[in-house]
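Below: one structure in structure tokens.
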Amino acid sequence: MSEAFLFSLLDLTGTFVFALSGAIAARQRNLDLFGIAAVAFIVACGGGIVRDLCIGAIPPTGLSDWRYMGVSILAVLTALGAYPLVQRLAYPVRFFDGIGMGFFAVAGAHKALHYGHGAEPAILLGVVTAVGGGVMRDVLLNRIPLILQREIYASAALLGASVEVLGERLGWSVQWLPWAGILLSSGIRQLSLRYHWQLPTFAGRRRGQGPSG
Amino acid sequence: MSEAFLFSLLDLTGTFVFALSGAIAARQRNLDLFGIAAVAFIVACGGGIVRDLCIGAIPPTGLSDWRYMGVSILAVLTALGAYPLVQRLAYPVRFFDGIGMGFFAVAGAHKALHYGHGAEPAILLGVVTAVGGGVMRDVLLNRIPLILQREIYASAALLGASVEVLGERLGWSVQWLPWAGILLSSGIRQLSLRYHWQLPTFAGRRRGQGPSG
Amino acid sequence: MSEAFLFSLLDLTGTFVFALSGAIAARQRNLDLFGIAAVAFIVACGGGIVRDLCIGAIPPTGLSDWRYMGVSILAVLTALGAYPLVQRLAYPVRFFDGIGMGFFAVAGAHKALHYGHGAEPAILLGVVTAVGGGVMRDVLLNRIPLILQREIYASAALLGASVEVLGERLGWSVQWLPWAGILLSSGIRQLSLRYHWQLPTFAGRRRGQGPSG
């Protein structure tokens, strides 16, 4: 499996699960068919487009490569056609969100390095790729972004992107390095959801605010 | 009428009606003079600026060409000075929004082609140009964007941008092609508002959510 | 003091106070440690990143220069560690916001000129640098941006950026010109807060809407 193919695969897999998470959230908010497709595409490609603008990849891949649009449409059809199946996962939006986050953190960091940028922007842009789409989804659906409230999210993305960047700098095998980063970040995310791991908050009023939405 | 002049005219007309729609919405939300001007400019130029960043047109025309700012200020003065006239149109924000959408979808798609990009990004960036400003307006005014709820909007922009891109590829006359795209997309938008055309929704709870804001 | 050093200093000072304002707002909204850090960084660097994308400074300094991240983290630690001190300032968020605005308006306008852009985009991008981060903060925290309601804000940034651009064009001394712009814009902002200066609003319903949040 060539390196380019591997990262294309990671990116398209992340695109699919993010689009799925976006389509489900939009469906639950009673948006219409086009609104669902638009939110799915924005969740899937929004973070990557911002990353591409920041690294000078013009035009952004999400716009110029038809596969991203194709995969997004496939995810919308899945969310609409196989909804009962999708719904069985207790928190489907969060679940797919957490998977896509890991894929995007690693693929985003790799792409920034590939364009010749340093370790710090690569890690930050991995995080932007991973959380950008989800933040846009929540902003569009008019709620405080999950990632600012659900604690182990951006931090998990940061971890995955850092593993990828560090590993590439140390010359580790590209065959398993991305999977390690993905497993680490997505795994921590899912575990934190399951066991309610939290980072501390510091507000004066101690009553916890419930999850938005 | 030269091609460059024609598309400049389309772009500035779209800018005027979008700025008008933004100024009216901001006025209704009780923003002050500067807030009104800022929202008007963002609605009018926000989508185009995102498009310009994506096609590599640096600096974005909305920032570097003084006519966009001038036209926006003119629209603000119109919205403030001729408000009773503007108000007679039953749904003024939506009306002007629908007109500007058609102009921007066509002009945005053309500009992306003109910068050497392919058909798919040109169509998508036509849609971004057309809906970007309106989405920003709704995000800033803290409501779920109209385009995700009012059904025949982004789809109408998609149609207008597709007509423009397809027509240019087929070498159709630049004299009437843009007008066909504008008429088609803006016309469908206005008809859908009048006759309440809708795309299907898929939410479990069937009670329709009223329009936000 | 060299010119480059001076503007670096202005930029980093603005970064610190904006990050502080972001951290305080996020803390008050009960976000967790990572949410606070993310909002602080976005408030501090969001406007500058948009400016850098618009002037073609790729990658944006906020991502590639580690000092911006370092200063943001320092501001988060200050907001968490010295909160009682910070809180004594009656309206801490608005206060620091108003200071950072002046620094960023001037530094942003200067950077756009430095990259060879004209006077109009330089002034507009000074305003974008100054207000972009604050707008993003309010959008993320799900409220109508302060700058659209609190009147003398974007207008003060416009004044500061204009003084800087005009002064540079006229060849005035770079040693005191930025300070004049900062003093003017930040001063007007603080005075407008203290004395409740307002620009006119035009809404039909006259009851003032209270401040959001």
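In order of appearance the chains are A, B and C, and numbering begins at 1 in each one.
Please note the rule applied: contacts are C-beta pairs under 8 Å (C-beta built on N, C-alpha and C of every residue); 3 or more make two chains touch, one makes a residue touch a chain.
For each chain, UniProt lists the protein as follows: A, B, C = Trimeric intracellular cation channel family protein.
Computed from a prediction, not measured in an experiment: that's the story for all the values here.
Touching subunit A and subunit C together: B. Residue numbering at the subunit A/subunit B interface overlaps only partly, since under half of the positions present are found in both copies. Matching CA atoms, the turn from subunit B to subunit C amounts to 120°, rounded to the nearest 5. Subunit B has its Cα centroid 29 Å from the Cα centroid of subunit A.
Multi-chain contact residues of subunit C, defined as those touching 2 or more other chains: 53, 139, 142. Across the complex, subunit C is touched by residues 26-36, 38-39, 49, 53, 58-60, 63-64, 66, 69, 80, 83, 139-142 of subunit B. On the side of subunit B, the complex with subunit A involves touching residues 53-56, 112, 117-118, 120-121, 124-125, 135, 139, 142-145, 147-149, 151, 153-155, 198-205, 208-209, 212.
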